[in-house]
């Protein structure tokens, strides 16, 4: 079947249409861009989605609420815990469940660790797109492995944690776990310093990233772009502050803002966000109370709630995932399976302005812009 | 488009003939297999979650480079091994088959993770292919969701063992008149055409999952829609989530 | 949320008395979908609400009708959400698009079109988002029938044979039988159901 | 005149790492690799991979009673159980068929969590591959059964806690029961174990 | 005259060759001896080229592995020493795919053509004292002429593949190699001016001094010339950060996207042999070639060359890639003026006394460097502030 893309100047003999993806080293999986080139300059770009459309929403409508938790891991597989968090919040909102204090602290800690993992991974991949031969990525993965070890110890799996439960978490943190988190928090700044020495002031990186893919504030808000990409444009909008969901209002942390909204700002805002996450972790470690880790009233016997039926209703819960606003929309009809389940995926919506950001730039820039937006195809296509 | 199965045999008289001049062939076989198995260059081709574990296997902690397999080639023309790491959707399947066709012989395919093997957790989706082995022959199946990076290394070693046991005269790609090119499925109105390639894969007679659960989980098929207007007002939100 | 749903309703009733609204829990149902863009412009520009950020657009199938659900927030005033919904019948599911007002609706409306078949009128580029062009049916509708993945149909058989692939006789026969009976090979119910 | 310093700084960082790979130990910035088949990292107790069935003593004494809870709760539906019938065609409370399709399992650990009889647990063994055909990935009851000792070996803390719990439940059974099985139904994880 | 052991060690290859020729001379006519001498030299080079290439790949993989805190290949043979051979066997037995629409003859010719100049350059590389295969009196001119042929096969390959990625890679190559040729040629000039010869051997000999340490790099113009030459050399052999023609993250595999098996291996081989010869020439021009105290001359040469190659690998392990316009800008707006000024500085050096020469040339170079940076503000990172808001 012939595909058609509404390029503005289609049929021009001067231009060349090129497919980037679905198999391409730097489209972060199976994303596809059809790019219209004039020389090396981009004069049209159409994203094509769906190469990883795994019917997340259809599957959810066939499964019990709690059995969907492991599937949310597979949405954004770099930071599974944040996805768990959003989904758990949505169920709790739907069913009016309370979460014990200790569980809230554990959730916040895990979500922030996931944010750290996500941000260093993204920076590593972005540098790979820039053409650094894996070194920054491997340094990032080295630190990531240390955190993943911790995840494995606490949740049982490196990537697909399946850790949160409606009304709590799956497994309690022991003192050894807390000590391990503390060790990571204390060691991480040294790594970040090394990482920054390698990257931040590097002339080639600055040349490649500064003033590339500028995202104006108005366009960004209008297009619903969220997360570090929005904040790099200078909009102070962080759902951890705005909604103060869970217990985020108890922590003292700042929101780093960029000024220009180019790829470099997106990179650096992420670095600064890692620092803020570490601050949150420090505070959480100091304050974590003793207590239950699951809502005993609602689930006296089992943590994995079987035959869990929320009342008829709908709920929309959103969290600040490392990619942006991750929203879960649930409609319950009183049966164990949701009637409608929808994920508002930041990775998808942040791509709305991809074409505008890339027009007039070179091919190499388009790849950095894509890298700096930070998409994960599992979430984009669901 | 000619096509033959992976296993092409050599007839018995010829084999005995060859057994006589064993030394030369054995040495050749050894050299050939050693060269191939010591330098398996995978294709840089990540599909989904498992791709992250694939990258992790290439990174410092697991270091697939020790086996000489760290040169992830972006072009299928230069790759030996296709690591199908993640869910193959129906939209992606033609591309996967095409990429496999584009690789030069000898080539191997390794399915990493439940999704690539059978559709895995997403098996019931309308856009998910239930196993890439419906269209191309797979050399190593590596279950797990996702498999640990060590498991990928284990799979690689299994592949090396498999290569080591091959014989140069029997390998499919040196047979005369054989072209190992697999028809690329096309998009149809309900899914892919064809649903599978019967020369590569056929549905097994016994399929407990199909018997127990059907082809889609039909539990969620509901006949009555909820009426949000009639239902009671929502309970107050959890105090922890106060705005 | 620094405003209540009633405030919005009141304000709208004053400014646009012709628009009929209904409160459903925490959301507002706009009875006539045609009015949706007007309401959206009003909410976006009214200084009391300034809902400049359309977070989520999604569809839902309620068997008798389809629903398109919008979640609005304000980045300027940091409040929200306001949930708007419109209902359209299944046979003529057209809703006016919000893309000229909110770019963020662009991909999400395409997604709802892809999965539910809600046609957003005026959308600049309304194509399927995830599935390919030529895919039939809307897979998230509750009445969507999935194909059987293990039974070949005549289209498959002829396709395969045109490419020189031998198809086993029993598969051919089954395909022919299906064709003769005028049925499609659909996903089956379990033979020995468990649940 | 600082032009070029950023690049030089970066090169110093990589050189430091290069030097450290010869001079330093693993945790101090040296080589991070664990040479997999020969060296292995210390197994992490909570790691979960594929499910297995526990038996006490001999393989016939499976703890599993074929209740089918895990089968029902399994999200990708990769478990198939058929209850064994005794001569009177009554359920014998043990599985005649217990298959797990490893090619489908998503390692979520839900079966372990929901099992009220402490009979299905997640294994550490990840070296599972098959060549050419995927049918071998459907593991049958015999291949899935592992002894309690094996379980004790791979997950010492968790397994011993479960043993204690089971012992306590048995002793309770001997004394007249007060609340019927409520404690026994509680999964091990609920007790705040690591 | 009695000579030390160093001399014999130094001359080991030369002596060996002489000895074999002497042996042959007993029963062969004179003209055959000349032929034998030529054959021996070319066989040595033909063997050396591929072997060097193979082990350079291993060296690169190992070094980058170490930079990235991992081992690199270490299982195929002791320390992975057999890895390149395994790669070779595999490449050799791989299927050769020619795309259906490709221009078949050109597609076949390209990899062959690229290896020939890469091997020919070996002729004028002085591997040691009296170890230049052909001591041409226009050695450098020969080197510049031959090495610039590389553009042609790359472009041939990219055009013949009928692949859009290849085509883009080919266009980039043409632009890049032609641009970098110019500053590279100009960076050679100072060394020619000082030694007043185009022969590589004479250039090395003119850097003798005490202990063979009067290398050109120990002068201001030498440093500048060396840096310009080395950067251009890195660009000429498509090494990061100038690896645009095969930019993996952008163009999949660039000009060799459609090449498989042995043809791809030939491209690979040419790249590494070019890297080796360019580093060798850089060492010859500015690092004193085989000159150096105590050790045998050929050891000095290989040591310096491998050091430079290690720096190239180090670049690869550290730096991201330039963008195509920045790459061109760097060549035309930065390296070219610097090379021109450097020629001027070299001329001044020759006509002034020692102290003034040092001061003057340093001053001129520093000022011009600063001026060029000021003129190319786009290369300089912006300073930014990142407010932290609550």
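Each chain carries a letter (A, B, C, D and E) given by its place in the written order, and its residues are counted from 1.
Rule of thumb we're sticking to: a residue touches a chain if its C-beta (ideal position, glycine included) is under 8 Å from a C-beta of that chain, and two chains touch if they have at least 3 such contacts.
Bear in mind that the values here come from a model prediction, so they are computed numbers and not experimental data.
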TODO: Write down the chain pair with more C-beta contact pairs when B-C is set against A-B.
DONE: A-B
- [ ] Starting from the Cα centroid of chain C, hunt down the chain whose centroid lies farthest away.
- [x] E
Task: Per Cα centroids, the chain farthest from chain D - done: E
TODO: With chain centres taken as the means of their Cα atoms, state the distance from chain B to chain D in Å.
DONE: 25
Open item on the list: Counting only Cα atoms for the centres, state how far chain A is from chain D in Å.
Closed with: 28
Task: Inter-chain centre distance, chain C versus chain E - centres from mean C-alpha coordinates, in Å - done: 60
Task: Centre-of-Cα separation between chain E and chain A, whole angstrom - done: 44
TODO: Enumerate the residues of chain A that touch no fewer than two other chains.
DONE: 1, 24-25, 50, 53, 55, 58, 61, 63, 70-71, 134-135, 138-139, 142, 145, 160, 198, 201-206, 313-314, 331, 339
Task: Contacts with two or more other chains, residues of chain C listed in rising order - done: 25, 130-132, 134, 139, 194-195
Open item on the list: If a residue has to touch 2 or more other chains to count, which residues of chain D qualify?
Closed with: 3, 6-7, 10, 13-14, 17, 31-33, 35, 71, 75, 106-108
TODO: Note which residues of chain D are touching chain E in the complex, please.
DONE: 1, 3, 6-7, 10-11, 13-15, 17-18, 20-22, 29-33, 35
Open item on the list: Per the contact definition, I'd like the list of chain A residues that touch chain E in the complex.
Closed with: 16, 18, 24-26, 37, 40, 127-135, 138-139, 142, 198, 201-208, 210-211, 236, 241, 254-260, 264-265, 268-269, 272, 276, 362-365, 367
TODO: Report the residues of chain A in contact with chain D in the complex, numbered from low to high.
DONE: 63-64, 66-71, 135, 139, 142, 145, 149, 152-157, 160, 162, 170-172, 174, 176-177, 194, 197-206, 293-294, 301-304, 306
Task: Residues of chain A defined as touching chain C within the complex - done: 1, 3, 6, 49-50, 53, 55, 57-58, 61, 219, 221-225, 235, 237, 242, 313-314, 316, 318, 325, 327, 329, 331, 339-340, 342, 344, 348-349, 351-353, 381
Open item on the list: Which residues of chain E touch chain D once you look at their complex with the stated criterion?
Closed with: 63, 66-71, 314-315, 317-319, 366, 369-370, 373, 379-381
